[in-house]
Structures are given as structure tokens and as C-alpha cells.
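Have a look at this one.
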């Protein structure tokens, strides 16, 4: 039985609590949240104790912590948990600063604890199936990747202002997906973008529509595009063109019903809500973390993966700022 | 809080237990099964007491019973539960004999208890969405319905022998779906069939491949076909042709991944396992039962619906036997 | 160079003239039509001479005749052409009477001339591809066939009255498709139908919505449904369920454009006009006739195929009339 | 009756001859080709006279010329035809040098003759339908365009060497499509590329895999990717993300047949041959040219469109060379 301390009992913390509830051999023993009511509510559901974050981390009744608190608290919590020798599951982004993520990596490596960066999309059954077939050589060598991500609607401008910008807040998922599928580190990033959805987003110094080109040393190319708006649902598609064929993963529609009339044949929109769309992904992600702890192996995606996605997001932001491609050093 | 007594702790009983676990305001308080180990296992998971069926039915701590025992026990359990004034959720078929189902109806009507016949497919989000749009007039009047059902592989011949035959065991779901969508009672049934999948099924007096034509008094037509084998998954499709268009619900594929190569574009097979395919349907079915009890309304599909599907199955079997169409009296 | 005499210069005659124009080694040398203007117009386009039907048939400058005249003239034209030793391409139906078709067969067999019954759908690239893969064993043995045909809108009631009825006028194509794909003669026909689209069609003694079940001696089943109305285009689908899988041919949509919005993802309607939908089929049909003449082989579908489709249509009409299945003798 | 002089009787010249043959009120009166046999063959089919290019251009029996000769001859032929006052249909690219195209534009403008640059894809029924709906506001304002083009297999390296490179030879179609759909001039081009398909293409100084990002002054973005290889057919897709939805045009598959088995559901590959894929586009393109001449309007795409696509290709090549985005001046 793996005993989990849950740090953060907000929306994402509750998602992880549900995933843990559906897994065997794991349970939540302690929870903490800056909002006492949130912690109490989750404690009532799970039978966990409400403690302070430090108490959770240092509890002998906690083997691993799941960090779902605000991003600016991750740094300290990771350092404490590493010092306490606890396995760590940390929501993305690990931190807004790549250098601070590197510091976390040093602490985690020194403590030799398990660490999973919670890029949930790697665990979506569709994307995971695609990646697995790609690894098995189903379409030969990767040559061109196209990633399209569109959110149903933009977050409030107040959120945008503290989000770190589209590249660090939204496209970071696509940067991780690109690295997952390329299986080779991008060496160059070129970004363009504009505020086409909402001029207030532009006034806040961000873009809501953007496109990035990544290239690797061997010449592989990945094109990513993002929009903060999609009238037809949560649009998340990946397409890999390889030497022997094409692999792609499409949207999950609300249902399989089709209606036909004079205008043609109409299928349902894509599922709109990311928690519904990625329900299985969240469950598989937690299962993968628990299995790694049980087997004594390193979870994936790693802290390094979390760092590299952040480095790509930083480079994209710099490219948009300068108008020039940005070259990435290896690390 | 609705308190449920679960009669039958086998595979389908466990499915219903999981559904109940995911609903608010309802819990299992008592379980019974002819196999003590099965009852104990489910009791351990749910915190329910293990009792005899009679004790479950008569427990003051039970508001409603969920009957998932072998078909030949339904008749007595329904009578006892009705006598005890408990709401009843009963797996299909209610009984192999239409006359005995009529006797159950008399008992249930006399006791004025809630009764749901568990035709799970009505609660599948896809079929439910289709039916709801049909009712809303999305394609005008129903004219022609096509229902195709194919199981991944036939059950053991030993099961076939006691199953009541393909029409009562498998196509009964399609008969209920036909009534659900026609919204008008079929008045004639014509059936053909053969043992094409496995000659042993034929030797056992049954068919594994069959087609039925239903007609209503106003001239609406429904064609159903069944096969006990489908290499590409659990195939369940419905198509309604109406005066203003077409509505259809397709299969649920294993994932959204597509691969393209010299042979063309390939999508995943249909989900193979009915418990996975109809997971949401089972959950919605139980939620609908609980809501009806809470609201004091009659659940649907009713005992009458269970009876009429059985009458259609009997008529199809008689038509296959005689080679002639069978006319159905109203009731 | 094969020299063609075209009998009938109406819409279908013009279709065949266009097909001939696109083929090498074949040209129209003579045309005839009861309407002189129609014959003159086609003669002007093709460089053919305008003659009487008898002159066309007996012209030394004519190797083969294409019969596209009204159905009631086919009998005499076939007899004359057979007597003159000319190859014959004849529009369906060959005749409204199966016995008269048998008489034509006697004459054609005696004269030993090539004869093609113009069931154009066998030559549609989609249906032809499906049939060819079926023959190659792509899905093992045929078990269940589903054929759905819906016309965009009914013909005028005046046409209905002289059409021979839905089974002989519309479903005859599906009867031929069923025989093409079953590769085994149906031995029983059961039909139901109603006038749901237009009560005037019912008043004229016909149905506009119908369903037929065919069975073969080995137990194979074919379900056919027809409607005289489809708001979403010309709907022609075929699905074959076999021991190792499924083969199906879908509709041809007007274009590949898809639009997505709050209502979902919408594709174009099916092509509405049969001459557009089956343009390639008509061309391939004529090419097949010409190739058979050049190679000295018998064209397909044969006069026997034309007869058997008519026999099935007659049986369906008799079944609808009697309400009982009709058994077919072999011939 | 429009009288056409056909300059160039090779593969593309024969395509245009077939298109003309299917149109009313237009015919080919004169042909020319550096290979006498090619000219003679086409003359035999069409009844045209074989002349020298100059004779064709200056023939009083020629209203318009169709230029399908090698690219390096276009400049002189355009100047001669403009001087002779003939309408001009010219294959793309007009010339490999943007400055020489500007010189052609000066000559054509001075002569005030009709000129169509033969970007055939604008006339594909699918892309044309998409563009027309876009213009009608079906999805609001254009924000992001994704264009994916993949050829079934690379041309011979000998061809590559004189082709002007992937951007001018292959992606030029996509540059024109981008301008067609953006309806706003791109102001910046960024290109990446590599020789991943065949190292000999790299040795010849070209790339076979490339991606380009275009941006407009108002912030609209277009991502294009090209590969010289696709195992699954001729892959040509366009997707436009707008403020109110999505419009996309997909591939044309070889047929509508689908086969299902244990591996899933498989559709046909995309049509492989561009002359088959764009058969209707070539016909519509010629019809549009002829209609413009008849109506005395300017054909589209114009010589200016031909120039701008070439300017974009030049900029992409420069961007690939420098590794930097290239800014485009207006003209």
C-alpha cells in the first residue's frame, strides 16, 4: 500500500484524489491546502488527515506527495519533499524559471527520489497508443510532426496576466508532446503570434494565437499551432509523418451520433471540458506514478522533461519577442 | 439516501455495485448470492451485510432491490420484493415465459412499486442522444429503422443450450431498441436465421445469424440483423430514416488513432468487451432508477417494456420455426 | 473498331453516347429515335446517320446495338437484333414480364449473340471494388448482406403508375446487387412496404418505402430497404458481413469539405443526381461491353441476370400482396 | 467559338486538350511542339493544324494561347502573345525569376490581354468550395491556416537539379493556396527544411521535407509543410481556423470501400496520381479561362498572383539559406 500526501485540494487535487480512489494498493493519508475548507472536504471524502504542508511531507504515514498547489509554491515543496526522501508527483509547470527547475533537479537527484512531471497528455490512451506504435516503427522514421491545439475559450484576462503567457501556460503541453514524439531534442525554435481572439489579451502583453516551428539536429521538423478559441470543442490533434506512413490521433467527440439532412452529414462537436477529455489520462498518469514507486523505477515524464518543456517555452517567448529563431544549447 | 439490497453478486451484480458507488445519495446495505464467497467479496468492498435473499428483500434497511441472479429465480424474487413494497431493478430477461412476466406485472401493479427492466442500451449516451433528438423531431417521422448487432464471438454451446435461443438471449436488446425508437408497437414479426458461425449451435437447435423484419400498424418498418461473430469488435449500430433526414449511432472505437500506408487509412477496431462498451450506460441506468425512486416516478423501461420485448422474441422464434410472419395482438 | 447502332436518343441514350465517345476503337455509326429531333441532335454530335430502328439493326455498318428505348419496345428490338446477329446492350428492365424475358433469352441463345443487361451499379468503382475483394476472400464467407437505397425524391405519380411498382422499378437494382454479392441464388423472398412518403403513391397502388429479406439455400441472408425520399442525397450503400470481417461501400459525397462549429462537424451531402453519381459506372459498363465483343467473350451481367432480378422483383411484389414469403424455383 | 492555339503538346498540354474537348464553344485550331511527333499526335486527335509557335501565336485563327512548354520558354512566348493581342493561359511557374515575371506583367498590362496563371488547385471542387464558404463568412475571420502537401514519391534527382528547388517547384502551389485563403498578403516568410527522403536530393542542394510559416500584417498565420514522399497517396489538405469555426478540405480516396477485421476499419488510400486527383480542377480551370474571355473579364488567378507566389518561394529559399525570417515588401 502506497500512502499519498496530497498538497493542494483544489480542482486538480480533486482530480488526482479521484484517480487514487480508483487504484488498488494506494490511498491518501494526509491532505493540505491553504483553504481549510477545501482540505476538510477532501479529507471527509478520503478519510485522510488534514495537516500543514510540512507535516504532510514529513509524516511517517506518507510515502509520496502529489503537488497540486500554485506554481510559485512548487520550488519549496519539492525541496522539502526531496529532503524528506519522499517520491514526488508535481503538476506542470514545475516553476516559471528554468534555473529554479534546474535547482529542483539538483535537489531531487541528490536525494535520489522518484519524480514525475505531470504532463497528463502523454497518458491519454490515444496519444499513448500513437507514441507506442511510433516507437514500434509502425511508420518508420519520424520526419514531420503537426500538433494542433485549440481551447474552447480563453481564460479570464486576469488569469492571462499571471499565467506566464501562452507558450508557458498552454503550448507547454505541445512542447512536451513534441519531445515525446520526436524522441530527439529540438535545437531551434521559431515563434509567431498575435492577439486575434481578444485585444485585451494583447493589451496584457500576451498572444492568443500562435505558431511555432521546432527543428532537431537531424532535420526533423515539428509545427505547432495554438488558439485560445474553438467553437467546436477542445481541439487536440497530433499527426506524425514518417518514412513509411502517417500516424495521427484525432479528437474525442461528444457521442457517435450522426444526423443527415439537406446540409449534409453532421457529427457531434469535440468534448469541451479538459477534465472530461483527459479523464482516462489523469487516471493512467497516477497509475504510472504508483507503479514506478512500487517497482523502484524512475517515473516518466521526468523532472528533466519538465525542464526541457519550460526551456522550449522560454525560447518561444524569446523568439516572439525578437522576431528571430532561437538556438537551444543541449543540457 | 436510497438503500439498495443487491441480489446476485456475479459479474453483472458487480457492475451495478460499481455504478452505485459512483452515485451520490445511494448505497448498498445488503447483498445476497448463492455463492457465499461472491457475497462476502462484494460485502467487503461496499460495507454491506451478507444476508439471504429473503432477508435482503425484507430488511428495513433496504429501499430497493437490484436483481442480478439467474433468470429462473427472477419470478419469485419479484413477487417477494413486490409483496415487501420494495422498488425493483431487474436484469433482462425478466423471465423466459411471457405469461410468467404477465404474472409479475400483476403483482408489481398490485403492490404499486417502482420497477425498471434493465435494458442497458437505452442508457448508452449515443443511443440515448439519438432517441432524444428523434423525439424532438430532428428528422420528422420515423419511416425505416435498421439495427445491426454483432457480438465479437459466440458464447459456449453449453450456454447457448439454456439461453432461450438467439432471439431471446441476444436480439431481445434489439427488439427493445426497436420499440424505443419506433414509438409504436410492432404488429408483425418475420424472422429468418441459420447457423453459419458454428454448426454446433445449429445442432443445439439454435441459429447464430438471423434477420428480423418488424412492421407497425402505420407502416413503419424495422430491419434487425444479428451475428454471433464479428472480428472487428462489438458491433452495435442503429440507423433511423425519417421524413426529414437520417439519424444514426455508430460504434465506439478503441481509440482515435489512424495509421496510413500503402493499404490506406486504418482506424482502430470497435471496443470488444460489452462491459467496457456500455460502462456509461450501466451507470446512467442505475442513476435513472435512483432518480425515479427519489422523485416518486415510474422508472423506464417498465415491466411492460420487458414483457413486450419478450413477446417479440417469442414471435421471432415462432416465425423462424414456421417460416411465416407472425401477427402480434395488442395488450 | 466496333460500330454501334444506338436505339433511343433520350437521356440514357445520350449517357451511353458520351461513354462511347470516351472509348477508343468504338464509335456510333447509326442512331434511331421515335422523336426525330432527338435522333438528329445526337447524330449531329456523333457523326452518325439517322435511320429507322430496323435499318439500324440491319445496317452492315453496325456491329452492336445499344437499346435505350421504352421498356415495351425491348422485346421486339432484341428479337430483331438477335436475328440480325448483332451484339446487344439492353437497358434494364429487359421487359416487365419474366416469361417474355425468357423468350428473349431463347432467341439470344439461338442466335449466339453477345448480350449485356445494363445493371450499371455493378460497374461503379466502389461496388466493383467491394465485389472483387469479396471474391478474393478478403472477409471469408458471406453471411449477412445489408443494402440500403434511397432516392432523393419520388418520381411523379404519373410515372409511378406505369413503372411496374417500386420492386420492379427501383429495388430491381438492389436485387441484382444482392445476387452479384451473394454469389448464390436466393430461394425465398419476403417483402413489406407502405406509402409513407406520399399517399398518392399508395392511391396509385404502389409503395414508396419497403424492405425485403432474401435467403439462400445455404442460409445466407440479405436485407434490402428502399425509400423514395432522402433529404441528404442519393443514398446507396452496401455492407457485407463475412466470416472474417466486414466490407462496405459508402456514399459519394459532393465534396471533401468539412465545417466545424458549435453544432459539431459537418460534411457535405451525398451526390444527388444519379447520372453524376454513376458517371464512372456508365463509362465502365460500356467499356466492358466493348471489351467482351472484342474478345469474343460473353458480357456480364447476362440476360439470365436480367431475368433473375425481374423474377425477384415479381416475387417481392407477390409477397407484399399476399403477406407471405414466396419461394423461388431454380431455373 | 473561342479558338485556342496550344503551345506544348506534352503531358500537361494533352490534359488541357482534353479539357477543351469537353467544353462547348471552344476548340483547338493550332498546335506547336518542339517534338514534331507530339504535335502531330495531338493535331490528329483534335483536328488542329501543326504550326510553329510563332505561327500559332500570330494565326488569325487563334484567339487565345495555352502555354504548356518548358518554363524557360514562357517569357518569350508571353511577350509574343501579348504583342499579338492574344489571351494567355500560362502554366506555372511563369518564370523562375520574379523580375522576368514583372517584365511579363508590364508587357501583358500594356497589351491589355487576358492572362491566367494556371494554379490548378484553386479550381479543385473541394478547395474552391472551401474558399467560397470562407468568403461567405462561414467561419468568421481567418486566424490560422494549416496546409499539408505530400507527393507520393520524389521526382528523379535529375529533375530536382533543374526544378528551382522544392519551394519553387512544389510548395509554390501551397503559397498560392495560402494567398487564396488568407485574402491578405503575407509580409514575412520563415522556412526550415532538410533532405530526409533521399540524401541525393540534399547532395543536389535541395530539400525534400520542409515547413514554412507565413504571417500577414494583421497577424494571421499560415503553416505549410511539404514532403516529397507519402506511402498512402497524393496528400493535399487544407484547414482554416476562423473566429467562428473550422473549415477543412480532405483527401480524395481511391474509393468509398471500407474493410473491417481484427486490425480495425480500413479505408482506401488517397488517389496517387495528380492528373486523376485534379482532373476536375483542370477542366474547371480551362472553363474559367474561356468564360473570362467570353465575358471580357480578367481571368483569375492573375499574372500578379503568379508573381506573388514566386516571390514567396524565393523568400522561402532565402530564409532556408540564411536561417532567418525574410520580410516581404508590398508591390
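A, B, C and D label the chains in the order they appear, each numbered from 1.
In the analysis below, a residue touches a chain if its C-beta (ideal position, glycine included) is under 8 Å from a C-beta of that chain, and two chains touch if they have at least 3 such contacts.
Because the structure is predicted, anything quoted here is derived from the model rather than measured.
When chain centres are set by their Cα atoms, the one at the greatest distance from chain A is C. For the pairs B-D and A-D, the larger set of C-beta contacts lies at A-D.
In this assembly, the C-alpha centroid of chain A lies 42 Å from the C-alpha centroid of chain D. Centre to centre, using the average C-alpha position, chain B and chain D are separated by 58 Å. Residue numbers of chain D whose C-beta contacts span two or more other chains: 231-232, 244-246, 260-262, 268.
Across the complex, chain A is touched by residues 231-232, 253-254, 260-269 of chain C.
If you check the complex, the residues on chain A that touch chain D are 141, 143-144, 146, 148, 150, 188, 190, 192-197, 209-211, 213, 215, 218-221, 223, 225, 227, 229-232, 235, 239, 241, 243-246, 323-325.
Chain B meets chain A in the complex at residues 125-126, 129-130, 133, 138-139, 244-252, 255-262, 268.
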